[in-house]
Every structure is written in C-alpha cells, then in structure tokens.
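Heads up, there are several structures right after this.
What follows is subunit A paired twice: with subunit B in the first complex and subunit C in the second.
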Partner chain A sequence: MQNGDTNSAQNGSISSVPRDTSRPLTEEELDRYSRQIIVPGMGKEAQLRLINAKVLIIGAGGLGCPAAQYIAGAGIGTIGIVDGDTVERSNLHRQVGHSTSRIGQTKVSSLITHLRGLNPLPTYVAHTTHITPLNAADLISQYDLILDCTDNPATRYLISDVCVLLCKPLVSAASVQTSGQIIVLNCPPTPQGQLDGEGGPYPPCYRCCFKKPPPANAQLSCGEAGILGPVVGLMGVAQAGEAIKIIASALHVPPPAEGAPRAPPVEPTLLLYSYSLTSFLSPFTFRALKMAPRKKSCFACGEGSRERLTLEGVKNGEPNYEFFCGLGGGPKAGVLSEEERITPREFVERVQRKEGKGKYVVLDTREKEHFSFGSIEGAVNVPFGKLLSKAAQLERSGETPEVEYIVPPEVKIEDEGEDVPIYVVCRRGLDSQEAVEKLKEMGLDKGGKRKIVDIAGGMKAWKEQVDPSFPYL
Partner chain B sequence: MSAPKPPKGHFNILYFASASSHTGKDMEALPAPLPLRKLFDTLEERYQGIRETVLDHSLVTINLSYVEMPSSEDEDGEDNAVVIQEGDEVAIIPPVSSG
Partner chain C sequence: MSDKKDQTIDITVDFSGGLEILFSNQKHHALSVPAQDSEGKPANVGFLINYLCQTLMTDPRADLFVLGGELRPGILCLINDCDWELEEEDAYVLQPGDNILFISTLHGG
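And then the complex of A and B:
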C-alpha cells in the first residue's frame, strides 16, 4: 500500500521522498514517539513520514541548536547539519546544543553528540563546512526540507534561491537583539516560474518577501548587536514545529506529475516576535502577518526566472550574493585623511600625556551597554544611532551647533570655551569614521578651525595597543 | 498584548528591529487618512535617511496583512489606491538576518 502519495523522482534534480508509510513501527519507535503519535492529527502514518524524511539544518547556532533538538526528538530519520564554525564560550548562553566541555570542537560534531544523546535512532550527517554557492545545490539536493538557521543576508538569499531551483520547502527564521521572525517559504514545493494554473496561488520565496537586503552598514550581527537566548530559541523551536507539521502532513512532497491533484496552497504567514526589555506594559508581542503569494516580478521564482536563475549560474557566481548584499566592497572606510586619524597608542602619547584636561573631548559612539564596561578616561557616550538622529534633526533646522548639542544634557564639556579637538572612538573603528564625517557635515569643525579625529581601530585596537585588561565586548 | 488605540483621526505605526532603532520608538500615531504611496515620504520627512537605511528593503503591513508599496513614479496608477484609514495599524518590518 502506498497511501496515494506515491512519488518517483520526476525530475533529475529532485530527490525522491520515501513514501512507505505502511510498515509497522518497531517497539522502540512506538515507545519513544508514543506521546506525539497519539496527538489528534498525527497517528502512525505521520510518524512514519517523519522517520522517512530527510531534513537539512543549515547553521548550528542560536536557531539551529533548539531546532535540531526537536527535529531529532520527533524522530526525523535523516538529519544533516551544516556549519563551519567551532564552539566558543560566548555562544553558550543561546546555543544550547553545545556544552562548556566541547568549546573548541566543531559545532557540527558538538551538536550531533548532543542529539545522539537525545535520540540515537536518526542518521546524523555532518557537513562541516559553510554553505557557499559552490556546495549549496549538492547539500540541499540530498534533503526533503531545509531549515535556514544562518546568520547573514548573503546565505539567506543563496539558500532560498537554491530551494526554489531544487523545489524544496524552506523554513526560514532570524533573530537579533530582542526580535525574531519566521516564515515558511516555497511550501508546498513549487517549480520555479510556476505562477498560473490549478493549485495556485503559489507560495513565495525569500525574495518575494524581502526583495533586497539592507545596506551593509545597517546590518546587525549577533556578535555586534547582541541577542537574548530565549528570543532566538523561540524562533528555532518554531522552525522545528513548522517542519514537523509540514512533514507529518506530507506537504514537503514535490508536486505530482502534471495534472495530478496537488496539496492545497498554504497561506504564507510571517510570525514576528518582539520582546521589550524596557516596557512592562507589553512584555512580549507575537504578530502573525498575512504575506502575499509568489510574485510575478520575483527574480528567483517569478515570470521568466528560469532564464535568470539557474543551478549552473549560482555555481559560477551568478548572481553574486556577496556583492548583492553589499559585502564585496567592505564597509565604507578610508574617506578620512591621515590627519583625521590617530592610533590608540599615538593618542595616549601625543594627546593624553601632553594635553591637560579640557584640551580635548573624546566621544565614544558605542551603545551604552558597551560603554558601561569602561572607556577612555573622560570619554562622553554618544551612541552612533543617537548621533545620526541628532544630525538629521539639525539638517532640517539648518543651524550650526556647538559640541554641547550632541552630548547628553547632563554632561558638561570642559573645553574652556575653545574649539578643542574632538576625538571619536567606537567598537572596531568603523562607526567612528562615519561619525567624524557626520560631525564635519554638521559644521562642528568650524570650517577646519577645530580638529575632529578618528581613533583608528576603536576600543578593540585600544585593548591591543594600550590596555590589554580592557573589557572589550 | 496589543498597542493602545490611536487617537481620533490617527493610525498607529509600529516600528520593528532597525526601524525602531532608527526612529527611537516602538510605535507612534500619525494623522489619517494617508494614501499608502505617501507613507515613505511622510516618514522620511520625520526621520531623515530612514528611506535608504530602513524603508527601501522593509516590508509593510496594514492590519496584519502585507501590502505592496506603490512606486512613487506612477502616481495615478490604479494600484496606488490604498489609503491608510483612521484606526489602522501599519507596521514597518525590516528583514532580520542574524541567528
């Protein structure tokens, strides 16, 4: 008996999903999975679909760890894990599939060790590498459903494109600081470029939802912006939940041959979670947003997309994901002249030791959480975002400010009324360069009378060159 | 928990992720009605630079449903007929990439 959802590999690139949901469950399987099998809507067939399924988890971090635990626990038969990183101590507050004793191990082997302890029955496949345009299709083609648990826009577009090309459903989630989002894409899996006909409207891909990435300097990483464990954890758990739902109801099955009845379209929904640390009124918020179906104009899955996006193209660097996401050129830097930059060591020798108090001002543009661990003596904290919004307000009013305008009202600048130099420092030396430019644009350099200087390399370089004990985060 | 009801003649706009860091707010009430195609101009006027750093790559919802942003060039196009009404909840949702 084949339960009507027989499948054969209709297309060379599509792996076949084993359909045998007729075998009995072993005693161990029955015992291990009994509490989920008896849930209304599950049953033996759904459990066998889970056991027969192959799921690829790309990224073994804050999303991938919690997702993998529930994927393994539920008994997905083959679980592939892709990651090229090793476990670090700063991962462990959120990446709960690793452990202190496994710091330094590859994340893939560490997570598989954890998952084997939880459930030894699945086959675990280690892919100890980062996903790239070169290996993406080989990795993804071996699986039925993909979880995007990665941490940067370039891989998000790459994974989505390859899932469209190989006709795979994708559960994509992301999280930073106190907010997260999750969406099921290309489900039920639908061939590239299919827009009309029975069974529509068709599901969107990542590009249908987010046509272009944010500019590189507006992208936040968890390492720089921070992330709360439970926020990213919730998103990872929700990814496992969606994956299990899709597989249990056989929605991951590639479309049957032309004309055969297909699964009804899934209403595309983006679940948004935001959690405020500062507001007691609204401790957390979930919002389920109704998304649009596949877009005619979409680069990857829309009209004429087969001519634009191909597996060969992706392998050969077309499209160029790094360039598309603004990473090729690196952050905007190098616009300042030599006189406008000083190394931390020079700053100590030429400024701190020679000039007295009140002869210069230091602005630290890091977030206040970073600043709270310490800074250069006498530095004033003006977070970069606040500086930009002050600059924008000023541009509208058209006034030329004094330095007091940009610092918090409670801070008193002891500059003895002179136009003393301003030194700007940040975390790694990128924001500070932009801040110097902004301060000049605001007219604070008084037409060149006042020096505004970037402390090159930020507090990271300060720790390396001046104070090795500085608590740089 | 839902956002407070906007005052009479206003709609609520919610800012998520980088939209919230750029505006320094989670939400605010803006005067309604407002044609959807004027939304980004209205925000750019209040928060200079927000179009390039946030809005251009964000998705927009009205009352929890995705809306296609009309391009500002074809002002008389029929697709541009959407008007944000009093009491609506608009959300600006930038993509998040980390994990």
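And then the complex of A and C:
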C-alpha cells in the first residue's frame, strides 16, 4: 500500500503512470479482465484506459465500499481512498468492504485490505484523513476522476468546487433511509467559467444543480435517520458504473486545445432511486431526471466565477463551507429556564424514586422505531412530528387544548384531583425542549399549575448517567 | 367565465427524499387542482406549491417545504421528470396529466 498522506515525491511517481493504450495486455490482465473486455464497446484500448486511469474515492463508507469493489475489480490502475474514520460495528450492514475482524482499524486500511484480496494489480493509495479545504486540491489534483462518497453537504460543495477548479469529472451520489441519488458532474471536464463557444452547452457542477444547501434542521444523516444497505449500495455500484463508462470512453481526459473537436456533453441526468418498505405494490422505483446544463449564474463555474472561486481562496477559507451549510452554530442553545429542565440522574433520584407510579407522565417524542427498543419505565410514545401535527390540528379547530388530545387516553394525567407533571424526553435533548415549549404555548401547563419539564440530553444522556445497558440507537 | 372558475386539472404530485413525511407519509398523490388562481390566472407551479401547503400538507412544519415564500433551499422541483429550470420554474402553467415531483436533496452516504 502506498501512503499518500505526506510524501509529495510519490505524487510525482503516480502521475508518471504510462498513458499508452497500445501496449499488449499481460497474460494475467487478459485473463482477469477478459469477461469485461469482450463486452461490445469495450475492447483492449478501453481496458488499457482503465488500467492507466487514477480514480479518487472520497469516503470509505456505504457508497465508497461498493464503489471501490467494482473500481478495483475492473482494473483501474491507481485507486486513492480518502477517509479519516475507523470501522465501527454499526457500519457493517452497508459498508461491505470492511469486516468484523477489522473493527477499530482505519476505514482506509480496512478497505484496501479487502480490495487487495479482490485484485492485487492496482496501486492503492491510502489518504488516512478527512478531506478539508486545506488538503482538497492536493488530493484531487493527483487523480483523473473523483467519486464523491461522503456524507455531508459542506464536503460535497467543497469537492465539487475543487473539481471545477482542477477540471476533473465528478461522480456524486448520496443516500439516506430508503432513497438514493446519483449524478455525473463536470463531464467532460470543462474549464471554469467557460460558457460560450463550440461544444456547448457545458456540463453542470454540483452548485448548478443544488444551488443552496437545505437549512441545518432539514439535513438528514445516516447516523440520525437510518439507511438501508442495498439502497446506498446500489448508488455506490452505480457510481463505479458511471466512472468505468467515462474512463473507457475517454471522457475523463481534459479538453484538447482550442479549436480541436470536443466530446459531446454528457446529458446531465439525476438518477433517483427510492422504495417503500410498506408498499408491495411499488417495490422500487428508478427515475431518470433531466437536469439543466452549466448555469451562467453559477457561483463556481458560471460567469465571473474565476474572480470569486480560486484554489488559493478555498485554502484560505473562502468560501466558508461550514457557514454556507449552516453548521457553524452546533446544536441549538437551550431555550428553557433551569426549572424547566432536569438531568436524567436527578429525574431518577427526585422523581422516579420519590413519587410513585401515576404521579407523573413521561412523554417520549422519539420515532416509534427508536422507542421500540425501550424507554423510561411507563413512558408513552408521541413522536415529535405527530405531536406538532396534533397541536396544529387543535389550533385550526379552535378548540381549547387538553392534555388528553396529546397523550393516549389510557394515560393517567391527574392524581387525587391534581394535575400530574409531564416529563418530556427525546433522543438527544433537542426535540424535547421544543416539545416543552409547544405544550406550554398551548396552555397545557395551566399557567404553571402543571409542571412540564425537559429531561436534558435525552436518552443519550440517560444511557450515560443512569443505564449504561440502555439500547440507545 | 363563471364555469371556468370551477374547472379543475388532474395532475399527479410525487414527493421523495423524505418530503413525503409532510404529506401524510404518502409519496404519490393524484389530485384535481383548480385551473385558475384566485385572480383568474391559469394555475402555475407557484400556485400549486401554495395549494399543497394549504390542502395536502398534514405536518405543520411548512418551513420544511416553503421558506420565505419560495421553495425551501435543498428541494428540487421536476416537471414531467425535467428540472423546472428547463421550464419556466414556478411560472410554468399546469397542464392536464402533468407530473410534478418534489425531491429533497440527500447528503448521506
């Protein structure tokens, strides 16, 4: 395994890989790749293009693992892998390039071990680091084609911008829960700011298609929202498929000198995959969506973009990707006063042990899948979205809100004529604060007669402070 | 004119990428929507977005769909499987049988 982290001399050796497509294939190459070489449209020259190509896979997770398997299997000559994480057990249902025996290893070395077993011929380059504005250009410049297999918007905009600046084609995919998306960007690679002239319209970049990121509260991560292995796996495999197609047909080669004929643009297409776990009528759906070409107004590749987006600027923190994606603030600061909050430990000591059953209500606002693994004893499950829907319904109907409308009817909300307090808990302690606010806004605290309290830090804190064996997901 | 006011157009509306949670967890909707807006102009996609917020959305978190009077950043609108920027964006006038797809862009992996 080469180590690409520090040694710049090695970068030179990588870029001196022979680009010749006229040499004969070795006996092993011929044998190993024979079944794909004989596919109509492939042939020896295409195989040599694959062997001569350098592909960078950014992210060795649910997309990167399946993508890397087919990239390596097809015989791409130089394969770089970028990731700063280590393998965890909860990765393995989808990150199939790792293994149970390699939990705790870096994802990069674990995946390369797997790929070497599959195909020892390629040169594997380990970049055991996260991609950042500081190292992005150094990493990307060493390769011909980039796969974005990362998991957050800030990194996706960074990778696309640097690919535009360095004129590299980018295959971008993403997936969460039961949906996936994939799109080929900046292919054939087109200089930044080029909008007119022959060969247009030009291919879009990530910003052309997705001008602005969603607000932070609407961004779903796999860790938070869940992900099905085959869904993200399909997208990763499709990324490898697109990469192989681009390289085999030499679309990754930067444009020839002005005046020379150009490859026609790849029709910008967003492939959407989604299925429903509950409907067998439509078990899965693929949709190919036609996207617009490069935009004049695009920040990164449109008119005047050379003045606003430069490699040096990116290195110096301009644009600020974290800020652009609304991630600077971290979790929202507490909106509740001190007496409206209680830690899990205090809750056990001051409430559970002192008061008996029926003297308080615990409202758990997590999704029912999370709740199904357990909760605080006696807790009732009203998922946050449902709670807000019910509150809105009540508001529309003009009725006076009562606790009975929010909690299930069997829950005892009074004790000897007194309103019992409500303790609200969620997963990590954010939704529960909003829920407390909402319930008070509805007047369910009866002007302070009923206590409504947030269990601070949610079930995550419960596991840390009260019950280490709690199955927190 | 008065009969035209009551006319409707049959279209289908799809939600994907998690947006369906705002619309009773249903991804596909067959709808009859008014052919005209309140000012008597032919219904366009901008009108439809408002109409969906008022009639079809079951979750009160409208700001996950519309923000500052526009489709929330991070949501793509596709008219008959084409990015609405290839059409006239929200000024596109609805036609019978149109399929309007709203997808939330994904970032996980």
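Rule of thumb we're sticking to: the second predicted complex is superposed on the first by the 419 of 473 C-alpha atoms of A that agree within 3 Å, B and C clash if a C-alpha of one lies under 4 Å from a C-alpha of the other, contacts with A are read in each partner's own complex, and residues count from 1 in each chain.
Convention: contacts are C-beta pairs under 8 Å (C-beta built on N, C-alpha and C of every residue); 3 or more make two chains touch, one makes a residue touch a chain.
Just so we're clear, the structure is a prediction, and the values are computed from it rather than from any experiment.
With the C-alpha superposition on subunit A as described, subunit C and subunit B clash in the combined arrangement.
Of the two partner chains placed by superposition, subunit B and subunit C are both touched by A:Met291.
In the superposition on chain A, A:Lys211 contacts both subunit B and subunit C. Once the two complexes are overlaid on the shared chain, A:Ser274 sits against subunit B and subunit C alike.
Look at A:Thr310: by the touch rule set out above, it reaches neither subunit B nor subunit C. After overlaying the two complexes on the shared chain, residue contacts for A:Gln36 are found with neither subunit B nor subunit C.
Common to the subunit B-facing and subunit C-facing surfaces of subunit A are residues 59, 61-64, 149-153, 156, 173-177, 179-181, 209-215, 218-222, 225, 227, 232, 235, 270, 272, 274, 276, 282, 287-292, 385, 388-389, 392. Residues of subunit A touching subunit C in their complex: 59, 61-64, 149-153, 156, 173-177, 179-181, 209-215, 217-222, 225, 227, 232, 235, 270, 272, 274, 276, 282, 287-292, 295, 385, 388-389, 391-392.
By the touch rule above, subunit A contacts subunit B in their complex via residues 59, 61-64, 149-153, 156, 173-177, 179-181, 209-215, 218-222, 225, 227, 232, 235-236, 270, 272, 274, 276, 279, 281-285, 287-292, 385-386, 388-389, 392-393, 395-396.
Subunit B meets subunit A in the complex at residues 1, 3, 16-18, 21-22, 24, 26, 47-49, 52-54, 56-57, 59, 61, 64-66, 68, 91, 93-99. Across the complex, subunit A is touched by residues 16-18, 21, 27-28, 58-61, 64, 67, 72-76, 78, 81-83, 85-86, 101, 103-109 of subunit C.
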